């Protein structure tokens, strides 16, 4: 079964799921957006520009990402904050032979504490490669490139 | 006259109107987005999760919403702030027999004071049900679910 | 060669390029979005409402915009901050005989300092007129209407 071609609107709609599931803490649904052998990384704009392989978070495969989320739910039992993603529309990145179906999108991530204060947590962009799996498109590589070099305390959570 | 099927893009476009009209304080245009017997509520994420019927604002029908806006314009004659909505793309909520055409979308709402300070006012999500009326889609229920439990002073305004 | 009709989705996709190129400081690509005789202005909501012709920045043509960016890159050699644009979906403005293909879109612009602090810099809206040039759509007029009356220090940069 082959997947219909992926365009910027289709990516934007999948990112709307991505954000809504993270914000609802529905990690099982969120994991379903990735390929089994995905590569998920959070890195900084400075490291990205300098070509450094340093990552603030790196999960090599969907299973490792699932482990990470399981431990997060255990540790963070009392839900110290609520996340909220607001993203701009995705755009296709220039085609390279090695990277078809590459897109990027900007995001702003807010956190609200249980005391009721909402604040900006992180801004940056998603750089993605999508791959067709059984007729649907899945995230094969996801690099979250945060503009903020400061590592906030709760970077335990995916962005 | 029957309306063309509603999809996430169509909802996103209508929400762009929703935000632009609130930000321009064009309340008459904004009211035109709702059905006559609409249900408009602002509630908190905590109340929503706990299943509590408490609302920060509740307007039962377009006429009540219009009354609210009329009194707001009278009280708030000197325009104490400017609002600005930035929303992410809408997504369809899982179909339930009782709720077709249900969508959600995340938002960030900023306020700028007349002194020129822009700040984050509220983040959260819209949970909507749309209904076809005379060949166009109208908001039949709108639940604004704010992440912030603190009730800011100016929640007199719709979000 | 005639351009395909422009709709809100097409504008949103071009604005995604607009924001991504500014954020990546790829000014050459960004300039390519404008017509040769474009009019680029940054003004405030107050001036806009009062019908005042005052602008915080005004570039009369693509060449002047290019000059501005060249001097910016020279002065601002050490890259004092990173910008990040997150925009809502565009919407078509009511047609007037004099202004077809007029659209608007809300934006939030964040800045991250080299010390790693991300903060809200400006919110407002883009009011645009697009014109077909050689089969593609270009920005002929761009009015950036900032909600914030305070002029931040780094308004040297386009928004």
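Observations on the model:
As written, the chain order gives the labels A, B and C, with residue 1 at the start of each chain.
Just so we're on the same page, a residue touches a chain if its C-beta (ideal position, glycine included) is under 8 Å from a C-beta of that chain, and two chains touch if they have at least 3 such contacts.
Keep in mind the model is a prediction, meaning the values are calculated, not measured.
After Cα superposition, the angle needed to carry subunit B onto subunit C is 120 degrees, rounded to a multiple of 5. Where the sister copies subunit A and subunit C meet, the same residue numbers recur on both sides for under half of the interface positions. Centre-to-centre separation between subunit A and subunit C, using Cα means, comes to 27 Å. Of all residues in subunit B, those touching 2 or more other chains are 9, 86-87, 89, 108, 120, listed in ascending order. Chain contact summary for the complex, subunit B toward subunit C: residues 9, 12-13, 15-17, 19-20, 23, 82, 84-87, 89, 108, 110, 112, 114-120.
The residues of subunit C lying in touch with subunit B in their complex are 8-9, 45, 86-91, 104-108, 120, 122-125, 147-150.
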